[in-house]
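The two complexes that follow have chain A in common; it is paired with chain B in the first and with chain C in the second.
Here is the complex of A and B:
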């Protein structure tokens, strides 16, 4: 185990507390850089989605994890970014321009959505953001002159500096990775400066934040705007990756997926957004695999335990029917959320920290280390 | 002209007069205590000064500036810091970042500078951290620097609240029951620190307190309240002997 002796204020400020971090993140970056030349095109495509989901996850973490303002409207922000890109592309606006415009516009709309948040708390805010998402979805379906309505819009491959970058090329992956890394670094910078601390202060006690000189309204709007802008950037990449966008892609289920990203990853650290993104992107192929293979496996097991051919086939068709039920995916997502909230509230990253600590303290690890105890319960809070 | 002045300050909730035409003044560099039975309106006065409540009528002046209409976050910027009776710390953050929030009124950097973490932001951060470190040393909080608030005992949290208020380098500090929930030794420490606030740091103190021994030890002047009205004002001994105060505490 390594003991850090802090001799300078710089020790608390720097991004990598010690050389070990530099080495491990360096290795990770190297692996990510050679990935497109090693992995199959399917896995590469999944990795691009991980980057996009993780970017949205970081955006949602800023708002929900650090500022404490829940949002179920991030699919709408993603849609605004994606549609801005698709619309501007029709008029031959170059990629860097519409990329920035999409982010700025989404940020502006995020700020506007932030205003009702000044008066709403908890579940009411969630409802407000859901209604915002529905409004956006409806606008996308009805405003046919711009969005092409339910027919959706085709998104051409992006061209960067005159070179066409196909959505399956390594360059597109590097672009997504760069956006993710820049988002993470920017967020970390924010968190170690006054704005980030003001966000956390608002999350934990608005009254105290106010009496310390934090303009709560301003910082809530800032948090909404930043979160929305990042999601808008991710939306542009999302549109290019899918090459076709339509309103039914940006439904409530997508917003819930983003919530799952941070809930499963862990809401207290940016690592959580990335781990959660990996989880949510990888669960889809896993579910498809189950859907295709589970009936066969179960029928096979039944057959080995002496079920006749007839009844094995019967079981096969019943399981297959169950596995392809409508809405099963949503139910599984719901189950995952419930199980995580009950048994792993700190998420995957929290689990990772526990495993790490276990090995660091090897024979001395105590299970109660991560137990949160309520020593003092607040009686009245002036909100 | 006095340092802080409240004129006919009133706070009514419907028919209930929580604070009723209270006038008082604080001189620069003094420790003024407000005492009174439960529900006398002591904490309400604090919440009026820090603008959590809007006064029904009356005016407040700080350094000859009318602060009655200032938004709550501007009160801290003027140099008035406060602590809370029911600790309001940022639970899921470390002690250090709690104290750094106290420095918020001194932050000058813009959002875009912070996103890039420009050298100016870095330099500012170091100044903030140096100041915070001085407060940590003043209040002996070294062992808790990197601990999460949620894991700390009540007595320590109480001190951290004081520390967070001090980090904003206030001119006037409002202490809402600094000794509630503290044991005898902790109360002793608190009384020394409150004296030090005045003598070493030159901060003016307005304090709400129930513990009369602490009030007697540290206060220069005392105001006694009951039902939102001022009963008596003067030195600790005078106020305690005042017949109205005795009646309010013991019954007529």
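Here is the complex of A and C:
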């Protein structure tokens, strides 16, 4: 086990606490950089979605994980980014310009949403953000002169410095990866700055933060604006990746998916956003794979345990029928959310930390290290 | 004028359904400070149970209704035991997520069991109409309105006059203190969930003749019930129903008098306005934390 000896504050807020970090992240980056030349085009496409979802996840972490303001309206921010890009692209605005404009506009709208949110807490904030998302969705469907209504908008391949970058090309992947890495590094820097510390203070106790001189209103609005702006950037990439956007893509369902990203990844660290994004993007191909192969596998197991050919075929068809039921994916989603909340509230990254600590402290690891305290007295109504 | 009254009545009937769902939110919130995002889906499931008993097994309407309510009350207790009890006392965010997950699960599973078609339950109120002058009121709408009034009154009396109701209010204020006072908090919470699932079932069954039962009905109506609950002040039983009726009327008026598209948005615009101007709602208590 490595002991970090910190002598001043600079040591404490260092991005790479020791050389191990540099090596492991360097290796990860190298793997990601050679990925397009190794992986199949389908997996590459999924990897681009991982980058986009992780970017939104980081944005949501800033707001929900670090400032403590839950939002179920991030699909709306994504939509605003995507539609701004699609609209400006029609007027031949170059990519870097509309990329920045989309982020700025979404950030502005985020700040505007943040103002009413100042008075709201917990459940009320969740409901308010849901309403905001509904209103945005309806506006997108009705404002036909700009958004083309329910018919949706085509998004042309983006052109960067005069070169057309197709949505399946490695260059597009590198672009998404660059946005994700810049977002993560930027967020890490933000979180170790006074602003980030104010966010965390607000999350932990608003009253305490205020009495320490934190301007709660200002920082909440800032948090909303930053989170929305990052989501807006992701929205531009999302629009280009899908090459077609319509209002029904940006529903509550998508907002819930984003929340699932951080919930499953872990709400206390940026690692969570990436792990959660990998999980949510990869669960689809995984379920499809199960759907195709599970009947065969189970029938095979049944056959090994002495089931006759007839009954094995029977089992095969039954499992296949079950696996192709319509709502199975939704049911599994729901089950995953509930199971994570019940058994692994710290998410995948929390699980990783626990495993790491288990081996570091072996044989002294105690489960109670990560036990959360239950509070039965605090009434969130009287805050 | 006649149009207006007609819209008003159908708005009130629709609003009563929102109110009934909102009642479920409020009950659970009052007793446990948990907001149950799966309330609409409990309603949907109740509707499906009633459909199974009445439509498929051919039971008498009232017997089927009662059986569905009883079954859903048990289901509510089960859901509380499995999903909510282990995380009581954790931050609200966890519980919200857990109930969202539960809703997702229920929606998909009932889609798998009953299919994705629309279902209709034959009720004694499906056909008749009441004529007052030239005003035509369908019995199904009147049945929703009267059932809502009765349920609301019963629940209000229950919460304010009975020992169990008082125990529920106490455990919502401060679970630990209530526990020290000898209130069996766990049992109280599970009874509340049973009641709220039963109320949701009533909503689902009464709704069946108006909008059909399908696996997504809970999501659509459940989300509309939020503005109702907030407007009434989360935590007030009459407030939930009044809020629901207001939202229903606003929605049906917006659908009739305003441009297309306003109908679906109007409840949320109202909700945001209420949250901005009067976050504690019409009937809510305004509480401040004492430091």
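Operating definition for what follows: the second predicted complex is superposed on the first by the 327 of 383 C-alpha atoms of A that agree within 3 Å, B and C clash if a C-alpha of one lies under 4 Å from a C-alpha of the other, contacts with A are read in each partner's own complex, and residues count from 1 in each chain.
Heads up, the rule we're going with is that contacts are C-beta pairs under 8 Å (C-beta built on N, C-alpha and C of every residue); 3 or more make two chains touch, one makes a residue touch a chain.
In this text the structure is predicted, and so the values were computed from the model without any measurement.
In the superposition on chain A, A:307 makes contact with neither chain B nor chain C. For chain A, the partner with contacts to more residues, out of chain B and chain C, is C. Residue contacts after overlaying the shared chain place A:327 against chain C, while chain B stays out of touching range. In the superposition on chain A, contact is made by A:212 with chain B only, not with chain C. Of the two partner chains placed by the overlay, neither chain B nor chain C lies in contact with A:290. Using the contact criterion defined above for the overlaid structures, shared-chain residue A:190 touches chain B, although it does not reach chain C.
Shared-chain residue A:181: touches no atom of chain B or chain C.
Look at A:108: by the touch rule set out above, it reaches neither chain B nor chain C.
Judged by the touch definition given at the top, the superposed model places A:242 against neither chain B nor chain C. Overlap of the chain B and chain C interfaces on chain A: residues 207, 372, 375-376, 379-382. Chain A makes touch with chain B in their complex at residues 9-10, 12-13, 186, 189-190, 192-198, 200-201, 203-205, 207-216, 222, 268, 372-373, 375-376, 378-382.
Residues 47, 50, 52, 71-77, 81-82, 84, 86-93, 96-97, 100-105, 107, 109, 111, 114-117, 121-122, 125-126, 128-130, 150-154, 157, 164, 168 of chain B touch chain A in their complex. Touching chain A in their complex are the following residues of chain C: 33, 35, 83, 86-90, 92-98, 100-112, 116, 172-177, 179, 215, 223, 226-227, 230, 234-235, 260-261, 264-265, 268-269, 271-272, 275-276, 279, 287-291. Chain A makes touch with chain C in their complex at residues 64, 70, 116, 119-120, 122-124, 126-128, 130-132, 134-135, 138, 141-142, 207, 252, 256, 259, 263, 325-331, 333-338, 341-342, 345, 372, 374-377, 379-383.
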